[in-house]
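Here come two complexes built around chain A, the first alongside chain B, the second alongside chain C.
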Partner chain A sequence: MAGLQRARVRRQATFRWVVVAVVGTFFALPLLGMLEFTTRAPGGGRTAAVWRTVADLGGLRTTYPELWAGLKASGALVVLTVLIMLVLLVPTMTWVRLRVPGLRRTIEFICLLPLTIPAIVLVVGLAPVYAWVTYLLGGSSAWLCFAYVVLVLPYCYRALDAGLSAIDVRTLGEAARSLGAGWGTVMVRVILPNVRTAVLSASFLAVALVLGEFTIASLLHRDNLQVGINQLGQRDAQVAVAVSFAALALAFVLLLVLSFAGGRRTRTLTPLATPPTQEPA
Partner chain B sequence: MPLTSRVRGGALLGVAPFLAFTTIFLAVPTLVVVVGAFVDTGGRPTLANVAGLRQGYILDALLSTLELSLTTAVIGAVVGALLAYAVVTAAPDGMLRRSVSAVCGVLAQFGGVTLAFAFLATVGSQGFVTLYLFDHTGLAVPGDLLYGLRGLGLVYVYFQIPLMVIVFLPALDGVRVQWREATESLGGSTWQYWRHVAGPLLMPASLGSTLLLFANAFAAYATAAALVSQGSPILPLVVRATFTSEVVLGQANLGKAIALAMVVVVAVVMTGYAWLQRRTSRWVG
Partner chain C sequence: MTPQRQGVAVRLEGLSRHYGAVRALDGLDLELAPGEMVALLGPSGCGKTTALRLLAGLEDADAGRDVVDGRDLTDVPVSKRDMGMVFQAYSLFPHMTARQNVAFGLRLRGRSSAEQRSRAGEMLELVGLSSQADRYAHQMSGGQQQRVALARALAIEPQVLLLDEPLSALDAKVRVQLRDEIRRIQLDVGATTLLVTHDQEEALAVADRVGVMRGGRLEQIAAPGEIYTSPATAFVAEFVGLTNRMDGVAADGVAQVMRARIPLLPGSVASGPVSVLVRPESVEVHTQRDGEAEVVAASFLGSLGRVRVRTADGAVLLAQVPTGGAGVLQVGDRVSLALRPVPALAVSRD
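The block that comes next holds the complex of A and B.
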């Protein structure tokens, strides 16, 4: 038995490194390709000129206006999407747990629905809605945030649901209410601090998705980072690749931080030592 | 009785903002597509749009999309499952497992323009792998590789494998060492363990994950749009064509019919996925 297991452990170790090396190479090559492409000098050899251009934000603004417009729009979209998502989801999900648990399945269904609606399909349906948005609010790219909230709904719902399931919302809410707290206080000073990790994960996911969104912005003729990069790709491919690599690296760091922070999540915040009804995802 | 109904009405009011928002930005767009698929430009009910789906170029695009989704789902599932298994046999809190899951979490979201650029810089006509292969082995990567279905498949696999790792890891985590030990103590070989114990237990999970990957590829738009600017080899790009030229050709509602067909395919596949997920959780996960 022990011999069998030792042999298996050895075999698995070899198998593990072979698989990780082969798949890792496949993952690494396109990323290396981007770095290699952005450091090509016109006559052959290497140069950091492209990266110096990208690092010079002031210069970027005048030389590549389409990129700057996209950056500005995406910055606004990130903030607006995260804010609307949190304001919409956290109180609603808390409220449903406290007062109308019968609606929980319905809310879950609505939040997960965008998973079955491809973005390209959503655009087709959103076009008339956005005709009204433009009529009522103007044609600013920032209003894409409404569509983006729908896009991030499933992912943010899951993240927040995991957080809310790990605490006893009902007991916390009732305790706060019986001590005279209003609903606002319950939400901001009792629930929110207890689900801050989940709020953080939901926000990071939303940021990563908004930074990468292309479909809706390009088809509704709005600006965002990806649309700007795509336009720039036709004019100055090296700068476009460098900027998209930088955006990717940013999303990478955000999600890496998230996954390591999520891995360290402790249960010390669970009140009254009640076991969570559901495992955090 | 009036009191309870007032309380209940008040309680429902708390959900009102959420319902109002999702009605405008989720339910209305869905209805626009569903209703639009069955009316003509004048708003009269018709089946012409749905009948229009039988046109050759749409059927061709549908078949290509199904083929692309199936191929990349199967390749992604097999490679992803191998990678997931490699990670599971490592230490649960070790660096390998943490890095692989973190990297996969990022790469599964990776798509669109950036991914298109990345592959153009790698196996495009001036890509470094293309140049290296040609200089050192004389092998020529086809110059139009990335603009056809095979190239799209290659690019799609890049986000399918990480997605498989993410969705398959929990199921593999549910496999107990004791099952293996029990098989061995009864004289079973590694082959018999996989064939009669682990395989059947993991079957629903792997099938389900493959379905999820299928839906993922079927719905993907941005990567293909960034790579293919001429023609519409796959369904999402056909929708783009009808969407951007609707004024000229009056094809808006044909586009909605195609969009509806896409939703139906994805919904059926995702229902299968959800059903298999429930089957999975009975034993593992």
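The block that comes next holds the complex of A and C.
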């Protein structure tokens, strides 16, 4: 009996490693291909010259101004999109749970709607809106943040919803208010610390989406990292691939941080980690 | 220990609240004397929690007002009402330790760190959890969490303490233990307290007065003993404790039931055919071979027992007997019945 069980455990472990190996290869091969391409020397052999160019931010700025403009724009877009998304979603979702739970399905539907609309169709609708945005606020690429907030809504809503569902928002809010807290204090000192992981998840997802967005920026004639890489690709393919690789690596690191933060949070809050004390007799 | 602020008088005047077509509270009038503990008791949907939430300021009344210590608080937001509240659901802030939870209200009031720490320590000592001060909610049992919640509510020296079914999520043994502790602490600090519960034993055990609610109104409010022995309505008699409905005929303040003459409580139907609400402990059961009734069920409840007997006319009565009696009586035994002349409520027969 024990022998059969050991054999079953061994089979399961082998299967797990096979799956990990297949999936790992699937993801690693294109990356290795990119790495290989960026380290090719003109006369054959290997060189790190392209990576030295990418690492030299000062040089990058003067040699590849379109990439630098894209990097700057994406940096601003990341910050603005995450800020607007959090300011818009966290209080709204909390408020709906506390005061108008009947509206929850409607809010969810609205937030998930962008998922069903292709980016190209979004651009058709956004073009006249951005004519007004340009007229009122100027033509800066940073104003793409409004479109990007719409784009990241479904993913961020899901992440935040999971976090808010894990706590009793209503009771915690009412407990804090009965102790003298105003709505601002309830949000900042009670709700936010308890949905920290969800806020981080939503933020990282927004960062990854904004860094990878190309269609809207390109069709609305704005700059961002992907537009910069695309332009650069027509001039220096190796540098373009190296920057793409770096962007992917950044997204990977962000997801790793997210997973680490989530794991640590789970360990902190899982009752099994520290057994509850017995009721005193 | 820092002296606790003395309790204040609380008055709810004509409070009404509707949720769409549902009338949750229908002109509730209620007064609490300073330092008194009143329990609102009733079935689900009777309006007891609504009444407490209106007093807390967590909901707005459609009509009426709440006056605390002579001050009309009807339009005062919950954060300015200065009331401590313990909720039915566990409400400790998960990211804070027990001490930080208790100090939360003091921090909002701008007290110094030293004062926060000392007061939180005092409150945790009061609820017997000094040793758990640095633990998080998930590291404590349900009973301990509710004790910390009580300490947190008391730390701000509230004018009024509101307890919204604080024990309903706990198991039976802890519930009994904690309810006695809540009463001890309430008497210690002298806070005027409104307790909402659907557990009649809990209400009768700890409150100075019990208000029985039905359909958004108070059916009766009185001392626990009076609620039990002198119910004002059939609903109160049947909701609090167990009751037999026995047919009888009323006249001159007395009802003739079986062979007994039962004195009638005020509010009873004065004459004619009536249903008399008789408590099981007023029904005496004696084993008798040719008795007029038959035992149809017997249950052992520890310190006492209960038997169900079917009378000759087919009515089934519940009787409370000493533990020995319940053990001796078997299903199918013939018994004779007698009623003790304990005052009872008579209502018209439906």
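The rule is simple: the second predicted complex is superposed on the first by the 236 of 281 C-alpha atoms of A that agree within 3 Å, B and C clash if a C-alpha of one lies under 4 Å from a C-alpha of the other, contacts with A are read in each partner's own complex, and residues count from 1 in each chain.
Everything below uses one rule, namely that a contact is a pair of C-beta atoms (placed from the backbone, for glycine too) under 8 Å apart; a residue touches a chain by one contact, two chains touch by 3 or more.
Everything numeric in this text was worked out from a predicted model, so none of it was measured.
*Asks:* Could you tell me if A:113 is touching chain B, chain C, both of them or neither one (first, second, both, neither)?
*Replies:* Touch status of A:113: first partner only.
*Asks:* When the two structures are overlaid on chain A, which partner does A:138 contact: first (chain B), second (chain C), both, or neither?
*Replies:* Touch status of A:138: no partner.
*Asks:* Taking the superposition on A as described, I'd like to know which of chain B and chain C A:190 touches: first, second, both or neither.
*Replies:* Touch status of A:190: second partner only.
*Asks:* Tell me which partner A:230 touches in the superposition: chain B (first), chain C (second), both or neither.
*Replies:* first
*Asks:* After superposition on the shared chain, which partner residues are touched by A:172: those of chain B (first), chain C (second), both, or neither?
*Replies:* A:172: touches chain C, not chain B.
*Asks:* Thinking of the overlay built on chain A, is A:95 touched by chain B (first), by chain C (second), by both, or by neither?
*Replies:* Only chain B; A:95 stays clear of chain C.
*Asks:* Report for A:44: first if it touches chain B alone, second if chain C alone, otherwise both or neither.
*Replies:* A:44 contacts neither chain B nor chain C.
*Asks:* Answer with first, second, both or neither: which of chain B and chain C does A:20 touch in the superposed model?
*Replies:* First partner only, chain B.
*Asks:* Going by the contact rule set out at the top, does A:248 touch chain B (first), chain C (second), both, or neither?
*Replies:* It touches chain B, and chain C stays clear.
*Asks:* Using the superposition on A, tell me which residues of chain A are in contact with chain B and, in the other complex, with chain C.
*Replies:* none
*Asks:* In the complex, go through chain B and note every residue touching chain A.
*Replies:* Touching chain A from chain B are residues 8, 11-12, 14-15, 17-18, 21-22, 24-26, 28-33, 36, 79, 82-83, 85-87, 89-90, 96, 98, 100-103, 105-107, 109-115, 117-119, 121-123, 126-129, 158, 161-162, 181, 184-185, 190, 215, 218-222, 225-226, 236, 239-240, 243-244, 255-256, 259-260, 262-263, 266-267, 270.
*Asks:* Which stretch or stretches of chain A touch chain B in the complex?
*Replies:* Residues 1, 4, 8, 12-13, 15-16, 19-20, 23, 26-27, 29-34, 36-37, 88-89, 91-92, 95-96, 99-100, 103, 107, 110, 113-129, 146-147, 149-150, 153, 208-209, 212-215, 218-219, 226, 229-230, 233, 237, 240-241, 244-245, 247-248, 251-252, 255-256, 258-260, 263 of chain A touch chain B in their complex.
*Asks:* Contact residues on chain C for chain A in the complex?
*Replies:* Per the stated touch rule, the residues are 56, 58, 77-85, 87, 89-91, 93-95, 104-105, 108-109, 128, 132, 135, 138-141, 143-144, 149, 152-153, 156, 162, 173-174, 177.
*Asks:* Per the contact definition, I'd like the list of chain A residues that touch chain C in the complex.
*Replies:* 167-168, 171-172, 174-182, 185, 189-190, 193-194, 269-271, 274, 276-280
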